[in-house]
Amino acid sequence: MPVTVKTFTSTYDAAAALSSDRGARYLGGGTLVMRALNEGDISISTIVRASDHAMTRIDASGSRITLGAGVTFARILAERELGFLHAPARSIGGPAVRNMGTVGGNLFAPVPYGDFTVAMLALDAVVSLQGGLGGREIPLDEFLQTRDRQTGALVLAISFAKPGSADAFRYRKIARIKPKGGAVITLAAHLPVNGGRIVGARVALGSMAPTPIRARAAERALEGRSLDPSTINAAATAAVEGTAPSDNALASAWYRREIVGVHLRRLLSGQE
Amino acid sequence: MTRHRGRGIASVNYPIGMNLGGDPSQALVHSNPSGKFTVALSSIDLGQGMKSVTRQICAETLGVPVEDVYVDTADSDTGPHCMGSFASRGTHRVGNAVMAAAREARGVMMEAAAEELEVNAADLETDGRGNIHVRGAPHRSISTKDVAIAAQFKQGKTISGRGIFLVPLSDVDPETGEMSPATCYAHACLVAEVEVDDETGEVAMIRMDSAYELGRALNPRLVEQQLVGGAWMGVSHALYETPEPYYPEPVHGPRDFVEYLMPGPGDICPHDIAVLERPAPDGPFGAKGPGEMCANPVLPAVANAIFNAVGVRIDDLPITPEKVLRAIKAQGGARPQPRR
Amino acid sequence: MLELRKDLFADERDDNLKEIGKGTQRQDMLGHVTGTSPYFDDHKLQGMLHLKVVRSTHAHARLRRIDTSEAERSQGVRRVIRASDVPRNLNTLLSLINFGKDDEPSLAVDKVRYKGEPVVAIVADSPREAYEAIAKVKIDYEPLPAVFDVEEALKPGAPVVNEVYPKNTFTYHETYDHQQLRFGDADRALATADHVLEQRYQMSPIEHAPTETNGSIAAPDTNGRYIVYTSTQALFFSVDTCAKILDVPSNTFHFIGGTVGGGFGGKVDTLTEPLCILGAMLTGRPVRYVFGREEEMQYGPPRGAERIYIKDGVMRDGRIVARKVRAYFDSGAYTRLSSYAAVKCAAHLPGPYTIPNVYGDVYCVFTNRTPATAMRGFGVTAMDFAIECQMDKLAHLVGMDPMEFRILNAYRDGDMKAHRREAKNTALIECVQVAAEKAKWPIRDEFKRMSSRKDGGGARAAVTPTPREAHAPPAAPAQQRTAYDRAPAATREPPPPPPPPAQPPSPPPSAPSHGATRFSSVFGTRRR
Amino acid sequence: MAKTALQFQHNGRDVAIFVDGGTNLLVALRELIGDMTPKFGCGQGGCGTCSVLIDGEIHLSCLTLAETVAGRSVETLDGIKDGPNLHPLQRAFADNFAAQCGYCTPGMLTAAKALLDRNPQPSRAEVVEAISGNICRCTGYEPIINAVLAAASGGRARA
């Protein structure tokens, strides 16, 4: 049976179509769903699209930033207000993938993909969902833990507070291949400083578990301290705590555990 | 100091062609009525330049400009048999077959020209620009076009030729392995410089210097393509590639170009190449074949450079950051060797 | 950057040619930059069907039952091809030159021997419909113990991968489970060497990863023939393989190829053509069978992994006196071309060096993984890795510069090689010298003065007495020598004169046409 | 079988086709329009040889649902020439011997054009970034990078 394509103007209708049909998948940039179709995934029988402009809106005017789920990485790179997100956006794919791939789709991308979501996690982002029964907002952390059960819902947008200063947010993707490679690990840190002390430290890691996770032990090592070498070392040592990396084609779990602290130290101390 | 540089070398040779079934290839060369030649082959151009190099061999042998030759391949109805494009055999085996066919066609062409100029064919030579003239008397000349017209419409001659090249098969002695595996060998030596991060095991290529001896370089630009691309593939084999990352355990095999690792355009390093040409006695114009051996010295040169940089030997390919890091940890840290 | 060192070997070359030596533009470049070069997949035929295969989900299993009834009724399915539909469902690639036994079916019969082995083929109107039918094929597997490690596969009691070769090794010369090389007395030399170094090396499998995947399009043509557009690297190899498997005369086929999107050895195995043509025969319609990228990476044949043990004896002055090698080629579940790689590898020992005592055992081993095949540097790349890492370690061991160590041991014109042929036309020393110069790597003057053309032969041309082994047969077969290789000085008739430079010999008058001659059971055409 | 009508501009020319649900743009271009210049390399978005420009921006045609280009402009390598004249990038690729098997070349040229259309004088790093989504297995990338840089400077000289 050929695939049916359903395009809706309202996100409500799109969400209803998604939740009522187990074979329905929402088409974002195409990098996940079209690939699955090309590779013979016959579990997909319906493609759902939504043409609501809200899905592609960027609101970066205030202190809280909202990115529509359909915003592409290329658009983030074109947005000067979002300069702090240029590094994570540029780390996704090559230019073509960045013109196609979306912020919303990235939330569902399995390891070794999904690097932008690591950045979002470090920013304490909140996901806006349209379900069959209505809209809701849930913290990204919680969303990721229940991701496999979210396929029936439509992600509308993701929002987060803008970092207070340019160097409060740091991001690094460790890849074997340059400039475009799958992640061995991905690191993002948001370290707001108040009176010389870090307040509300967030460290997020990709490829250290089945979904991006927070490095809570490293966050505790940073919280309330100044970002000096001893603090950085303490955070680096704690980075591996609570992680559950797997072996995959890019690296082993052992290797990921060995280097996560090294790279967190380098990220926090500004080393190459 | 977490990053260490080191240099390593390797030198290799490589046999040209196969010792299987005589490893034959055939070629047919024929002229149309205006003196333009077609080479009919069944050989494959995989990108290595089969069509281009055989075109030059044919033009040189015929004594006509390369623009007057077109190579048509591969059609099983029109192209004669060829073993295939592998084993560094294309330039050597197919080149020899084309040369033989072109030589036969040239013989007819010169006979036809001799008849038109009313001289002995042995006294004629080609100028490589589409003319045939009496040796020492360039004004007594006829164009290959006019020769072809005369051959076709007046003399009833076919300006064409057949060629085959075959190296009779050599039996292998089951006890001693005595055999003639190849008739000529290419050679290479390569110096690799790397930088190793002793905290992560990552290896970056800094530069390569190499010398490749491949018989006659029939077309230096094609040779350069092979050597530059082949050395890149050597780096890739040394540091990145495997469809079985946990060999021999058949798990986590890559399924796409993100999981199958090959160096990207941001991973390449300068590569300075010298080409040496010691003609092979049985090669077409002395050519051997650069296609395969270009990658081979890179793998061990990189491994040896890593030892020079941090003092660990990785004897297990590919040399992943994990293997380097495990080895460095096992010996209690990097041990840079004397800088070369 | 490329520099031509015209100063070297200038006396052996005529550099005044008109077309040879010029950097002429490629004949195919205009086609490439305009996207008009015709690859196999650039032919779209009216009413074309799509073929996909059902692949084994087990590395080793008995096939208890295959139920295709639901798949046959699936929408858009034109034909389900089962093993029994393949006219001659057992082949080995080199059977065309009578090397090795038929050991591989086009579609698995009663057993699967690697994960991803084709079991059933589906021909449908669209790829989607083919995938839907694949999901409806029911295969009842009885899993069997599998073996993945070459040395494990050789142990007694190891699972038998391929019943054609019950010892899990290819059979050489109808007798031996490996190809061997014996030159001099390596054990004796090792016993008296100043240093002995034994090491293990492991090459990884490598995927060819051409940007164009393997594939073909086959279509009924006029007058009962079939036209086949193909990505093959070896046109007549594929023609003859298809003729054998499909049991029809080879001129039934009109194969067109020649412009291929990269191969590197991965397009020699005629992977898609037989089933693609069979699909066209059974449906009367054009059929396209193209590998997806995951298929290409996991079930397309890789360069096989090799495990190599080297034991060297070296003297304090840097001379290598013995090299003993044991190598295992991981052929996967079927032979394909690994059998030849092992022979090529044995001939390559001990690398480009003159070592008076060389001993080699090279095994082609079957395991339950994707069959391996040829790849750029076939049979040699891994051995060069092992040898050249070993050379670096030996130089370190005796305290020599690694460049000078290689020059010291390099083979030279007139030396005897371990496969008992005289080294000629050598140039290793010059390559090392030039590389050193380019890299500004200091070597001593005496090493700069050495030459491939000087000081070879003499004592270096001798064949060291080689002990016979207990299992040796009474006499070795006569050796076929080519016009290009001189016999060792110690043996038999005088050498033929060397050919004139840069002149290929005229073709033999009665060269055998392909497939017409009987070949020896050992290794192709035998002429005594 | 229900098909969807689709109209778009293909290399400046209006085209109309009917596609099955789920058809990707690569299949639509090759099998329905007959433009063979974009190639299939993976269907996964990993190799870039199917790259096309949609409204001037580089996209992977194999991952683009065909009907999403309705009313838009799609450019392929087939449209890069100016009549019979090669584009400066095509000339530079030839001059630099930046193709061997030629299979990645359409995608490479498309990626390079997407770059130069926006940034006529790119740095080497920018060229590397621009072609980073395209796999080449033959050349080692160096001649391709050099070709793009040469086209950039040559294009200025010719302009």
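Some points to look at:
Per-chain residue numbering starts at 1, and chain names A, B, C and D are given in the order in which the chains are listed.
The rule is simple: a contact is a pair of C-beta atoms (placed from the backbone, for glycine too) under 8 Å apart; a residue touches a chain by one contact, two chains touch by 3 or more.
These numbers were taken from a predicted model, which means no experiment stands behind them.
Listed here as common contacts of chain B and chain D: A, C. The chain pair with more C-beta contacts between its two chains, of A-B and A-D, is A-D.
Centroids built from CA atoms put chain B at 46 Å from chain A. Inter-chain centre distance (chain A to chain D, centres taken as mean C-alpha positions): 29 Å. Inter-chain spacing, taken between the CA centroids of chain A and chain C, is 45 Å. Separating the centre of chain B from that of chain C, both taken as means of CA atoms, is a distance of 16 Å. Of all residues in chain B, those touching 2 or more other chains are 46-47, 49, 221-222, 224, 228, 230, 233, 253-258, 260, 262, 264-266, 271, listed in ascending order.
With touch defined as above, residues shared between interfaces to two or more other chains in chain A number as follows: 2-3, 37-39, 179-180.
Counting partners per residue, chain C has 25-26, 28, 126, 128, 209-210, 259-264, 292-294 as the residues that reach two or more other chains. If the chains shown are joined wherever they touch, the resulting network links each chain directly to all the rest. Residues 52, 75, 126-128, 131-132, 134-135, 292, 294 of chain C touch chain A in their complex. Within the complex formed with chain C, the residues of chain A that make contact are 1-3, 37-40, 42.
Contacts from chain A toward chain B in the complex involve residues 112-113, 176-182, 247-252, 254-255, 258-259, 262-263. Of all the residues in chain B, the ones that touch chain A in their complex are 199-201, 240, 245-246, 251-255, 258-267, 320-322, 325. Note for the complex: chain B touches chain D at residues 46-49, 221-222, 224-225, 228-233, 255-258, 262, 264-266, 268, 271.
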